[in-house]
Amino acid sequence: MEKVKIGVAGLGRLGKIHARNLAFKIPGAELTAACSLLESELAYAKNELNVQDCYTNYDEMLAKADIQAVAIVTSSGEHCKQLAAALDAGKHVFCEKPLGITVDECFAAEKAVEKHPEKVFLLGFMRRFDPSYVYAKAKIEDGAIGEPYLVKATGVDPLKYIEGALKFAKTSGGLFIDMAIHDIDLMRWFLKSDPVSVYAVGSSYGFPQFAEIGDAEAGCALYKFQNDAMGIIHTGRTAAHGYHIETEIVGTKGSIRISPVPQKNLAILYNEQGVVTECVEAFPERFDEAYRSELQYFIDCVLTGKTPEINVYDGTRSTQIAFATTRSFKEGALVHIQYSD
Amino acid sequence: MEKVKIGVAGLGRLGKIHARNLAFKIPGAELTAACSLLESELAYAKNELNVQDCYTNYDEMLAKADIQAVAIVTSSGEHCKQLAAALDAGKHVFCEKPLGITVDECFAAEKAVEKHPEKVFLLGFMRRFDPSYVYAKAKIEDGAIGEPYLVKATGVDPLKYIEGALKFAKTSGGLFIDMAIHDIDLMRWFLKSDPVSVYAVGSSYGFPQFAEIGDAEAGCALYKFQNDAMGIIHTGRTAAHGYHIETEIVGTKGSIRISPVPQKNLAILYNEQGVVTECVEAFPERFDEAYRSELQYFIDCVLTGKTPEINVYDGTRSTQIAFATTRSFKEGALVHIQYSD
Amino acid sequence: MEKVKIGVAGLGRLGKIHARNLAFKIPGAELTAACSLLESELAYAKNELNVQDCYTNYDEMLAKADIQAVAIVTSSGEHCKQLAAALDAGKHVFCEKPLGITVDECFAAEKAVEKHPEKVFLLGFMRRFDPSYVYAKAKIEDGAIGEPYLVKATGVDPLKYIEGALKFAKTSGGLFIDMAIHDIDLMRWFLKSDPVSVYAVGSSYGFPQFAEIGDAEAGCALYKFQNDAMGIIHTGRTAAHGYHIETEIVGTKGSIRISPVPQKNLAILYNEQGVVTECVEAFPERFDEAYRSELQYFIDCVLTGKTPEINVYDGTRSTQIAFATTRSFKEGALVHIQYSD
Amino acid sequence: MEKVKIGVAGLGRLGKIHARNLAFKIPGAELTAACSLLESELAYAKNELNVQDCYTNYDEMLAKADIQAVAIVTSSGEHCKQLAAALDAGKHVFCEKPLGITVDECFAAEKAVEKHPEKVFLLGFMRRFDPSYVYAKAKIEDGAIGEPYLVKATGVDPLKYIEGALKFAKTSGGLFIDMAIHDIDLMRWFLKSDPVSVYAVGSSYGFPQFAEIGDAEAGCALYKFQNDAMGIIHTGRTAAHGYHIETEIVGTKGSIRISPVPQKNLAILYNEQGVVTECVEAFPERFDEAYRSELQYFIDCVLTGKTPEINVYDGTRSTQIAFATTRSFKEGALVHIQYSD
């Protein structure tokens, strides 16, 4: 029974999730190395995950560790150069989103991936692995809603975590780049096309701090796609009820809606408020299974030689679209999006 | 355009509902007389309903008023003799539930109705006229769930009105007679059979006052029907979320559930509690449309000579079953129900 | 007990609904006159509504009928001049939406209404009278969701009635004028502001006939409001499941969503498909109660001298916005909306 | 990082689920041995789970395998003697439900467990580990519904698998023993009391084969508990929509309902049927996470020396109650339940 030896780079909140999955939950994976700038994170790897081969230097891990693959969960600005280095070192690469923090970086990442066609490269658009999204996609491919022509996507972070959002606002890239990139990927996935124009609006409603730095607390964008389909995104940082990710795909014969009520579980409370469903708190709770499934898929691709369906170009495109959306918001203008190919 | 002139007897909470409907909302009805022991209620009839022909004596109304029909909404103990008097006086009769407060009374009512086959007699099982129940019945007749074999009925009054329930507990006849009679009627309607045995349990959980007078605050009953079908009733007086009437009909090919969430309307609130649906407060809100529809049906029967589908025997049977249920609860024993026919 | 004598102009599908309500369901109203170009509609008034004072000429009705008010439910192109004539004839006016079919017409209507400040004028934005919308508005005024800053409105006609939509497509004014005007009114109502820019997209997806005449089968629009709030509209003509009217109002402390499942009633079917809720077929079913309530409100205003909260300027604004939306769709450009005041 | 070496006995449908979890998904567990009468099942262990230490004889595994614990997932008739043998061999024991197939067997199992108080013994009532049930229990302990006084439990197998149910009907022990034992355990868990009387009814409605062998296709039972609480069970084998496990706990201040819609995932389909939620097919899908969690809990108990909250007496009691329920159904009588302590 073959196992893929893998090293993880980055052991923050999401890095720990991936590392635990690789250590314990993914048949076929063996987490054997870890890299972090923080000693506390490496101590976690040693003590909680039983990973003894630890590094504070990423390139050293690539050079010395006995691994066939790396999972890159570092800060966004590191992704592009780290994935290139890993591929050049002969490793398969799982890389968290976003691909890069500029479009030029993404183009560089494309070249790095193209140079190593025999290596598996997977970008972490984990929603595509969530059971509800997998189901929706399968139903649609099966004709359940006819031809999809509109995606309405909502992604709002919980008000409960507003402090963190405010703290990282300046370096987040802005609402549409930080938050909407998953929704942009979903639109492209379901509509099988790219947007050619976008109009975005947004503002600060409860937290003027966002406006003060030129960002928005909540925003909406409307997209027209190459194939005449439409896309709507509503994103924000202050959902009182929890972490709200909702997607509707409308087709010529019906529609599918995912998670209008972001329920914590299947229990419903009847009390003096009425009938109450508690909601998920944040992304680790909502996408727990998706995070496992995407890494399982990555390992399966490595073991079988299959090419992942999500590719580096998906990373570039979603980034381009997020930047165009941001420009529309900042300029108050309709923005036409052109792709280089 | 023919109109049925009708008099109302009793103008309490439910009497007012019926009277307003007859006065303003039922094409074909003309509320022209009213009878009540209370001057305040008659003042209401005069000022709010424009009914000038008012009586404090029921028999006087029957004798003098220019009416073809009466709506009896007096206290339960009056129903049987008042309906007989009205029929004898040549009036069509709409009578609120229950038919009577003893089974013998019900038998007397049967005779009174049998004596006047040309008169319309309708008993106020209004749930049968609620759009959701009408729909469920039609779907079932249409084969949507195959052969129905189990009804699970829940009827719980709102905690908000517990003061009233405590105040009238002694004269209510007890939980199963006061509350479950509608559910009993629904079971019979959907299962097209009568129960032959019943086991009932119940107790006081938050309000010992009920136990102190030998009654229950909440109770459940399990019925076995002549045709081998099953029935479950859960009834009580303390729903924190509102007025909870829920019915499930299970059949060989599917099931239909009515109102698991007794929503006030179609609005849903997303707030720091989660996702919240406010619920209906009490029966006038829940069955607003049903009350209109049952009187519309009554008037239509009068105008067209149609015989109502709900008959006096439904009243007797539901009463017999409620008494048997009460006996089982009081004796802690399985009770077999025998019908005289 | 005073009653308002009223005449109805127009007895088509919606005209009949209003007329029946006025004849039978609105205490305080007395339908005494009717006007239609069609003898069959007047026959309906005579036979079904017991209205004997019938006219084929609108001005003749105004001149001769013993009425204090008119309900205008004629074709959209007649509204403006008919309401002016009625006001000049000293009648109170209930007028179906839209106010007019051009913005200039609306300005003329404003003048007509301003000339008769003592007369009640109500425009038929019935959704504002639907119990769920009334509830949502009250909760919001009560602070339940903090400050509203985004309205997401969906209005899609049932696929079942596509034949009619195709037949009237040419004269409908186009998707955004014909369908979105209610959603535009709702946005303005909930956000208490007017949009200053709009981007709209749309196309034909299943029925190329719409594109052939320059119209859209489905479309979306994104609005930026004067007060920085946002609005999204999704409208179309081909909902497979029924008549889909859904509105979400997002505020700083929560949100309210109305009718994500446009349920026919409270019954839910469990069958081999899964758990199924049947949906409302069309607007008369969905807004049955709203149609009654808006006329009740109109009659109450007439009887009490109260000034309606919906005024003629709401009609003008919604029309202006619908036209701007249409222009954006047709030109593929961002459109800035300027108001004359 | 200590790991518990464990052997699995039985590799049928559920045995495979447990074995896969132990092999791949439970940090702290190491599946090192397997036992089955079937070579094909042992081949599965070798090839799919990488377990090379395989046995066709259970006692041989106990004697030879290097294991600290066993997971017993054999046929119900083997449970009692196998758990006793394992405990005597010094192994910790996870045993699938039911504890035994007679009450006497259960008493013997109690003695076996009592003899080895230092060993962990856990019975597989996995529902107690399902996130929704865990949540409900925690909310209740937290006072969210006041004092629980009624449990309404529904457990119906999917019509889709009726062939299997018919095939095993004769050896299943009957509907109430085979199906209701989980619901019985849930009632006891939530109400913290044992039933003292039961009345059960049931019959065959679509499949006379059950009646022919004295069993029921669907049945209901009503329980009165020692503490005056109430319990209702509805169980059956023919849910058209899927695998239906629903539980409602009613308390003095509210209630909690788990899974009224046994949804497959968070996606909802809008199509010509209406609004449709697809349902889970069977228990592996519904309780996927619960199966992992209960074994995780077992391993944690072994590693930490914690005593499981579910004990052998829970197994005996649920069996006694299931037998009493069956007797009531067969005799058509109220049955009083007495416990030996």
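A, B, C and D are the chain letters, set down in written order, and residue numbers restart from 1 in every chain.
Here is the rule we go by: a contact is a pair of C-beta atoms (placed from the backbone, for glycine too) under 8 Å apart; a residue touches a chain by one contact, two chains touch by 3 or more.
Computed from a prediction, not measured in an experiment: that's the story for all the values here.
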Those chains which touch chain D and also touch chain A: B, C
Remotest chain, chain C as reference, centres from CA atoms: D
Chain pair showing more contacts of the two, B-C and A-B: B-C
Where chain B and chain D are represented by their mean Cα positions, the distance between them in whole Å: 42
Separation of chain B from chain C, taking each centre as the mean of its C-alpha atoms, in whole Å: 38
Centre distance in Å when chain A and chain B are each reduced to the mean of their C-alpha atoms: 56
Touching two or more other chains - residues of chain D: 240-241, 253-255, 257, 260, 262-264, 270-272, 278
List of chain D residues in touch with chain A within their complex: 1, 23-27, 50, 131-133, 135-136, 139, 144-145, 253-260, 262-272, 278
In the complex, chain C residues that touch chain A: 146-147, 149-150, 152, 197, 199, 201-203, 205-206, 218-224, 228-230, 232, 234, 236, 238, 240-241, 250-255, 257, 260, 332-334
Contact footprint of chain D on chain C as seen in their complex: 159, 239-242, 244, 261-264, 270-279
